[in-house]
Each structure stands twice: as C-alpha cells, then as structure tokens.
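Next up: the structures, one after another.
Each of the next two complexes has chain A plus one other chain: chain B in the first, chain C in the second.
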Partner chain A sequence: MNIVPQLIINSLIAGSIYSLVALGFNLIYGATRFFNLAHGIMAASGGYVVFFGVKTLGWNLYISIILSVFVVGCIGYLLDRFIYKPLRRKKSSNMVMLVASLGVFSTIQALLAILFSTQFHSLRAISPEQTFNLFGGIITQTQIIIILVSLISTISLHLFLSRTRFGKAVKAVSDDEEVSRIVGINTDRIIGATFFIGSSIAALAGILVGLDTGIEPTIGMSLLLKGVVAAIIGGIGNIFGGTLGAFLLGFVENFSVWKISSDWKEAITFTLLVSFLIFRPQGLMNKRK
Partner chain B sequence: MIDYFVHISILFSIYAILSLSLNLVVGYAGLVSVAQAAFYGIGAYTTAILTATLGFNFFISVIVGILVAAILGFLAGLVFSKFRGDYYVLATLAFNVIIHSIFINWYDLTHGPLGIPGVLKPNLFGLSFSPNLLFFILSLLFLVAVYGVSRFIAQSSFGRALKAIREDESALKVFGYKTSVFKLSVFVASASLAAVAGSLFASYLTFVDPSTFLLTESIFILSIIILGGLGNLKGSLLGAFILVLLPELLRFVGLPDGIAAQIRQALYGLILIVLMLYRPQGLMGEYKL
Partner chain C sequence: MSKTVKIVVWLVVIIVVVAVGTSLSRKSGDTGTGPIKIGFIGPLTGDAANVGQNSKASVSIAVEEINAAGGINDRQLEVIYEDGQCNGKTASNAANKLINVDKVPVILGGACSGETSAFTGASEQAKVVTLSYCSSVPTITEAGDYIFRDYPSDLYQGKFGAEYAYNTLGKKKVAILYVKSDWGVGIEKVFVDSFKALGGEIVAEEGYEQTSRDLRSQLTKIKATKPDLVYFLGYSDASIPGLKQAAELKLDVPMLGGDAWDDSKIFTEAGQAAEGIMFAVVNSPLNEEFKTKMEEKVGSDEITVCSPNAYDATKILAEVIGKVGTDSTKIKDELYKVSYTGGVSSDKIEFDSNGDLVGANYVVKVVRGGKSEAVK
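Up next is the complex of A and B:
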C-alpha cells in the first residue's frame, strides 16, 4: 500500500490547524510586538465553550460554534483592555508583557481544568463519520471542513487587511505605534480589535481540533507551540509567512512519522524551531534585520 | 501536626533550591528561562533510576544527577546562549516540552506515564534518613549548600559580569567579554543545582512520574522568583516560603485535593499578572524585567 497520499492529507490537515493558530498570533504580534503566550489557551477555550453549549446546555452545535467564536473574541479583547493595555501605558518591556501572558495562560488553563476536569472530551456530533477516498488516502468530512475553514479564514483576513481602512491602520500600528497615535489613529482600539479577531480565529482552531479528535486543557500549550513555531519559520508578524510555516511544519511532522515513531513529533517540532532560530531567525518571508 | 509541618518544610527546601538556581539565570543574567522543571526532572529521574532500578546509594545518585544535568544543560545552553529576550523564553519553553516528552516516551528507561516506584531514601554509613525529620535536616543542609554556592556565584566577579550582561549585553561585548560563555556557564550551574532538588524530591516521595515536570511547574518556579524578587537570593527564599505555604492554607479552607492543584495553578497565574501590572520587580527585587 502506498501511504504517501495519506501522509499528504494528514500534513494538510495539521498545516491548516497550525495555520489558524499562527494567523491570530501573527496578527496580535504585528500590532503589539510581544509574544502573547496566552494565545493557545484561547484555542482551548473555544473548544470548551462549544463543549459547554452542546453537552451541558443542549444547544445546537452550529449556534454554539458561532457563540464560542464571539465569546472567545470578547475574552481576548477584555484581556487586552484590562491587562495588556495598562501595561502598554506604563511602557512595560516586552518581557513583562510576555510574563503577564504566561500568567493568563496558567490561570485560564487551571480554570478550564476546574470547570471541565482534565479528561479528554470529543466535540464530535456524529460517529462514525462519513469518510471520502482521495487519491488512495482517507479523509473525513470534519477534516475537509478544517481545510476549507482555514483557507477561507486566511483569504478573508488577507482581503480585510489589504482592502479596508482598518487594515491600513493595523499596518501603521505595527510599523510604529507612537507615530500612528500622533497622526490620529486610535491605536488602543486597533490593538483591541486585533485581539478580538486573533482570539476568534484561535477559537476556530480549538473547535476544529475538538471536532476532529478532542480537547483537554493542555491542548492550549501544544497548539500555541505549533502556532509559534509556524510563525517563526514563516517570519514572525508576517501573516502569510505564518501560513507557509504552518504547512511546512505539518509536512515535516507527518513525513518524519513515516520513519520515526509519532511519539517524537514534539521533539521534531523543537528541532525544526531550533534550526530556524540558529540559521534563519528572521524566518522565510522576512528580510534580515 | 508535627509531621505536617515537617512535610511543608521539606517541600519548602526543595522549592527554595529550585528558585535559587533559577534566580541565577533570570535574576542575575536577565535571561527568562522556563526550563527549570526539566532539570528538576532530570535530577529526579537520575536518582530514581540509579537507586530503584540499579540499587545505588542516594548520595552517588545526587552526584550523577548533577553531572547529567550539567551535560544536558551544557548541550542545550550551547544553543540557548545565542539568544536573548523572547527567543530565549521560547527556546527554553520548547526544551521543557521535549524533556517532558522524553520522560513519557522513553519507556524502557522511565516506564513512561507509570513512573518509577521504590526510590531509595538517603543512607550514609548505615544512617538512614527515612524518618521525615531527618530527611528535613538533610534537605535543609542541601539548601544551605545551594544557597552558599549561589551566593558565591552572585558575588564573584563572574556574578558582576552577569549583571552587566543583563543591563547591556552589547556594551559588554564591546569590552571584549565573550558574553555567550558567561550565559552558558550560569545556565549549566543553574541546571546542576536544580537537579539536586530533583534528587531530593524523588527520594522524599520514593516515586517519580512525568506529571511533576510539566511546563506549568517551570512557570510556578518562575512565579516564585518573580514574587520574591529578581536578582535577590533572599527574595527567592521568601517567594518559595509564600508560594509553598499559600496553597496549604487553601487546603485548610476545605477544598478537595483534586482541585487544590488547579487552584494553586490559577493562584500563581494571577500572582504573575498582578505583579506585572503593579510591581514587576517583585517584593525584594533588584532587577525589573
């Protein structure tokens, strides 16, 4: 049996998920220039809001998903409003912001564990799922949705950033926040909006992972790690770089499983990250500083 | 009651050792590392494997643990010393995830998630430290020794050079200092000291499993030293005292053990956020991130 088609499919699915995480991460990094380590836990929260809606309140899956994306966006906005914005006001260093986001990460992860236990939960509604045969590989309906959602999100975000005044303002803020404020851009509102959008996209990633396999509180950190690695490979702050990095990571991980046990996926991710940090720290898409 | 007091004191000693060792890297060299739980785990597993599986004496296992941590710290540090700031955090974060995945996946050596039972208590010339009171005295002696070593490092010319790196690395480079050698040496020293805490921990519980050495544990140790104050060794002792004791108070309120761990995690996450907002240098800190 030829396993190459299956490996390609798996790489595309993984790449799509990582790409969603990297998308929001890069958007926020572009506007604020700090490593928001709480970004991954937004993905986990997205999954858990859907879980709460469907399993506890008995809501419809699609309504729960839409609500979840909105709720997590709001959480992202509130975190910025009450934690990161005051820190920016005090001209805190990036490291202070990073440590604060680490605090946010461990607080929310603990809250999720208290509310929903540390057990593994699946969000899947119907099982077994309908599967399709694609060039000799198998793909489920959910996995097709993952790839489509990722594609649509990336394209819409690109159009949104390149065609609207908001997009131009984001670009101005990432170039120089100080100057943007002087020329009359409400930078806090722009940054708040990037937190809302970025966190919503992260929530989508968490929900999709929950539908495909399942969620547990620790999923936030592993998704964050993949998203950040993808972002760095592609070029930090560069939105398309992140997508490229995500698929590269997806392919490297899945094709190495061909030869090495899948238990070592994390180690492979790390090796890839370190190689990039050493040899090309600015990533694929950014120019050398 | 006395037993309980002794138990808390032993935990305090272990966390104080971890905090002192981490403070050398974060407080003196200004490099935020979240890999301390990895070296803690390396010490713990070395003692577990040497005493439970191979029947060696505890004290020999401490020395071997220090050596193993120093070697791994050296190899990891070779890579890390090229970085600073955000990238340093990221590299150490990934390192912790990888070491943890080795604890889980290298089944032949670590028994994976099942852990290693039957770790031996310390025994010196026929004197067994298995009563908790004696074990406490032993761990206090180790704490004093680690404090002495840390103080020596901090006050030597080496320590002063570290502080200078923290304030302005490029200036020091101009003066001809090989800053990466300094960063590497302090990282190796810190890793070795953390391994001592791991050996004590394994022997005290007579059992190790991977769940102790997660990234969240590294963040906990980081919270201790930030709370106590960066660049101040007494601050680390104070931080360890507060953060080890605080969750115990929660237990008296009558919270079930299962969620006590999660509450602890939420609590130190919140402490990090509040500190970053209102007092980023911690209680007795001499250095702001």
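Up next is the complex of A and C:
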C-alpha cells in the first residue's frame, strides 16, 4: 500500500493546527516584541469554554464555538490590559514579560485542571465521523474543516493587516512603540486589539484540536511549543512565515517517521528548530539583519 | 563577646536544635497509641486518574472495614493519600514526603510502573516497605528487598498476550503500537520475544510519547504493513484518540490491548471506535460484598484494573502490622511468609523471594455495546 497520500494528509492536518497557533503568536510578537507564552493556554481555554458550553450548559456546538472565540479574545485583551500593559509602562525588559506570561500560563492551566479535572475530554459527539477518500488517503470532516479554517484565517489576517489602517498601525507599533505614540497612534489600543485577535485565533486552534482528538489542561504547552517552533522556523513576527514554518514542521515530522521509527517524532521537531537557529536564525521569510 | 565565643554559642545552638529536632521527629514516627499511618501513591489525577481514584476508593473501603473491626491492635489505621500522576517525578516527590515527613513504615503504591520505579531506590534505602498494587514492569522484580507487589509482572502479561494472539486468535502477523513508558516498553519487549518464539511475525513496532495524542503517523505506518492484529499498549488518555484515529484511518483489524484498557472511560469516550477491542486483565475473583461497597463508594458499578489488588494489599498490610507491629524490617520479613486467601484480586496471594506475586491468571475481555465482558 502506498502511504504517501495519507502522510501528506496527516502533515496538512498537523501543519494547519501549528499554523493557527503560530499565526496569533506572530501577531502578538510583531506588536509587542516579546514571547507571549500564555498564548498556548489561550488555545486550551478555547477548547474548555466550548466543553463547558456544550457539556455543562447544554448549548449548541456552533454557538459555543463562536462564544468561545469571543470570550478567549476578551481574556487575551484583559491579560494585556491588567498584566502586560502595566509592565510595559514600567519599561520592563522582554525577559520580565516572558516570565510574567509563563506565570499566566501556569495559573490558567492550574485553574483549568481544578475546574475541569486533568482528564482527557473529547468535544465531539462519539458517533463515528464521516470520512472521505482523497487520492488513497483518508480524511475526516473535522480535519477538512481544520485545514480550511487555517487557510481562511491566514489569508484574512494577512488582508486585514495589509489593507487597513489598523494593519499599518500594528506595523508602526512593531517598528517603534514610542515613536508611534508620539505621532498619535493609540498604541495601547492597537496592542490590546492584537491580543484580542491573536488569542481568538489561538482559541480556534484549541477548539479544532478538541473536536479532532480531545482536550486536557496540558494541551497548551505542546501546542505552544509547536507554534513557537513553527514561528521561529518561518521567521518570527512574520505572518506568512509562521504558516510556512508550520507546514514545513508538519511535513518533516510526519514524513520522517516514514523511514525511521516514529519514536523520534518529537526529537525531529527540535532537531529542526536547532538547525534553523544555527544556520538560519532569522527564519525562512525574514531578511538577515 | 569575642568572635570565638559567638561561634561556639552558635554551634551549641545548632547542635541543640538538630538534636531536639531529630529526637522529636523519631518520636513522631510511632507513638504507640495514635493511629497507624501508611502511605498511598497512585494517579489521582493525570493519565490514569480513573484507575487511581478507583483504587483509592477500594483502599478506603478496606480501611473502613479494618477500623470498624477494632483497627490494628486497637489502633486505627490511617492512610495518607498522595498523587503520583502516573509520572516518575511527581511520584518520587510524593514518596519523599511520605518517607521523610510523614515517616510511614509502608507505602502502598505506586500504581503506574513509572511511579513505582521512580521511588523504589529511595524507599529501599530508607528501609520503607513498598507494596505496589498495580505496577507490572519486570525491573521491579530486582528493585530490592523491601519492594513487593501483589500485581503480576509483565513477563506474564506480555507472554499471555503473545500466546493468546497466536494460539487462540490464530494471528500470525502482528503490529505493535506502544506507549513509551516503563509499562509499555516492558510488555512490548516480552510480547515480541514470546511471539517470535511461537513462530509469529512482528510487522511493525511503533512507539509514541506518553503525552502524545496524535498517533496518525504511527497508525498510517501500521496500516501499510497489513497486520492480522494490532497489539495496542496505551493508557486511557492516548488510547481514546488513538482508537478513534485508527477507526478514521479504516484500520479494520482486531485490536488487543493491555490491562490499562480495563477502564470504562475508553469504551464510553471512544464509542464506536472501541467496539470489539479486546484486552487481557488479571482474573479477579470479585465477591458481591466488595462490588456492593465499591458501588456505594464510587457511585457506579465500575471496578478498574488494580482496584481489587489495592484492597487486598491494604488487608494484607493490616494483617502483617497486626502481627509484628510497625517496624518496617519486621513487616518486610513477615510479608515474605504471607499466604493470603479469600481476597478479591486473586485466589491466593504469596510473594516469591523477589517480592513478586507468585503466579498470574489472566482473562481476556471484549468490548460490546460500550461495556466489557469476558470472552468465553
């Protein structure tokens, strides 16, 4: 049997998920220039809000998803408003911001574990899913949705950033926050908005993973790591770079197990990261500084 | 005050504090009249939480029964429950706390093999008896003089799985998907050796990280090798998505699993994908009284793997402590002589010179309509 079509599909699914995480991460990094580790837990929270809506309150799945994306966006915004913004005002270094975001990450993860237990939950109803045959590989309905959502999010975010005043403002803030403020850009509002949008996209990633496989509080860290690796490979802060990095990571991970034992899947991720850090630290899409 | 005097005074203070401290802590170890404290380690949260919680319930039933019958030599039995989260680091911290702070003579646990393996060194050194009710990895056999288990070693389970697949099911080409934990790797090795010795062929051996939930690439590879049967060793949290992904990839071959699949969460959460899966578990002669009490305690008729073993282990320890007191060395010596009958986990519990359970009796269960039933 030829397993290449299936491996391509597996790579696309993994790449789409990584890409969604990297997308929001890059957006926030672009505006603030710090590694927002709390981004991973936004994804997990997205899954849990849907879980709470569907399983506890008995809401419709689609309403819960829309609500979850909005709620998590708000959480992201509030984190910026009450934690990162005061730190920026104090001119805290990026290292301080990173540690603060790690604190946020651990706190929310613990909170999720207390509220929902650390057990593994599936968001999808247990009935078997409709599957499609694609050039000899098999893909489920949810997985097609994952790939589509990822593509649509990337393209719309790109259009949004390149065609609107908001996008220009983000670029300005990313170049120099102080100068942007002097020329009259409300930088806090811009950064707040990137947190809202970035966290919403992360929530989407978490929800889709929850629908496809399932969620648990620790899911945030693995998603974050993959997203960050994708972002670094692609070129940190670069929207398309993140997507490219994500798919490259997905393909390398899944195709490497073709020839060598799948025990090495995780090791390969980080081998790729280290080789990029050594040989092309600026990533695929960014120019050398 | 000169510098020398100062130093001498401080030295005296330190010596007094240390001396008083150690004498106090020694006393608090066993007062002779208060409750007898023993430690418990199991996955109360995390990957195998269902098993840990169920075992905790069975232990507390045993404790209630012992205390209702007058305790151990008129002293109440008290269990300090610690969470090992099915991982070595957490279990090791829990064991250190039980050994150094609570100063228990006996630790009941851990459940997951990775938990127990992580602290047997510490407990052996501190001469604290360890009686695991669930760990099956072969290396625990050699872990030390103070280490016991009333759960059979994987040597039995891996061999049983191989024989069942080859002889009873008549499968000659088997692919293995296993979690890279002490438990998974331990059984996998024995299974491969036994299956090859029988004349069978292993077409794929694919491992995955314990935290991994995406087993698609492993399953894709396995599917391509066209096995007659997949021997899938996984804990609940990876088995649920794993079984679903196998169904989605149309991997339509019978699945045989390990004792960790004896968890109703898998059948309910994986739904249709878990229909028809088989797994080998230790045959436990559960009695009605135990079943009723468990149902009252956990609110469902579920009795997971190891839960009966935890119950029996508690009863055995109470019996031994009642005979020889709370000195851990004496408890250890007495455990080697134990011959416990009438338990709920096994007809007869005896330990060999390595502290391993003597003999093992397995039964294969199959999932039908979201419930597991024994294969006749």
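Note that the second predicted complex is superposed on the first by the 284 of 289 C-alpha atoms of A that agree within 3 Å, B and C clash if a C-alpha of one lies under 4 Å from a C-alpha of the other, contacts with A are read in each partner's own complex, and residues count from 1 in each chain.
Just so we're on the same page, a residue touches a chain if its C-beta (ideal position, glycine included) is under 8 Å from a C-beta of that chain, and two chains touch if they have at least 3 such contacts.
These numbers were taken from a predicted model, which means no experiment stands behind them.
Because the two structures share chain A, they can be overlaid on it, and in that overlay chain B clashes with chain C.
Touch criterion not met for A:141: it reaches neither chain B nor chain C.
Of the two partner chains placed around the shared chain by superposition, chain B is the only one that A:93 touches, whereas chain C remains out of contact. More chain A residues lie in contact with B than with the other chain of the pair chain B and chain C.
By the touch criterion defined above, A:270 reaches chain B but does not reach chain C.
When the shared chain is aligned, chain B and chain C each come close enough to touch A:113. By the touch criterion defined above, A:129 reaches chain C but does not reach chain B.
Of the two partner chains placed by superposition, A:164 touches none, neither chain B nor chain C. Only one of the stretches 20-28, 38-46, 74-82 or 110-118 belonging to chain B has C-alpha atoms clashing with chain C in the superposition, and it is 110-118. Taken together, the two complexes place residues 113, 222, 261, 263, 266 of chain A in contact with chain B and also with chain C. The touching residues of chain B, when paired with chain A in their complex, are 32, 34, 79, 82-83, 85-87, 89-91, 93-95, 97-98, 101-102, 104-105, 215-216, 219, 222-223, 226, 259, 262-266, 268-273, 276-277, 280, 288-289. For chain A in complex with chain B, the touching residues are 34-35, 37, 83, 86-87, 92-100, 102-111, 113-114, 221-222, 225, 228-229, 232, 261, 263-264, 266-267, 269-270, 273-274, 277-278, 281. The part of chain C that touches chain A in the complex is made up of residues 45-46, 49-50, 85, 180, 205-209, 211-214, 216-218, 220-221, 223-224, 226, 236-237, 240-241, 244-245, 247-250, 265, 268-273. In the complex of the two chains, the chain A residues touching chain C come out as 1, 3, 6-7, 10, 13-14, 113, 117-122, 126-129, 131, 138, 140, 213-214, 216, 218-219, 222, 253-254, 257-258, 261-263, 265-266.
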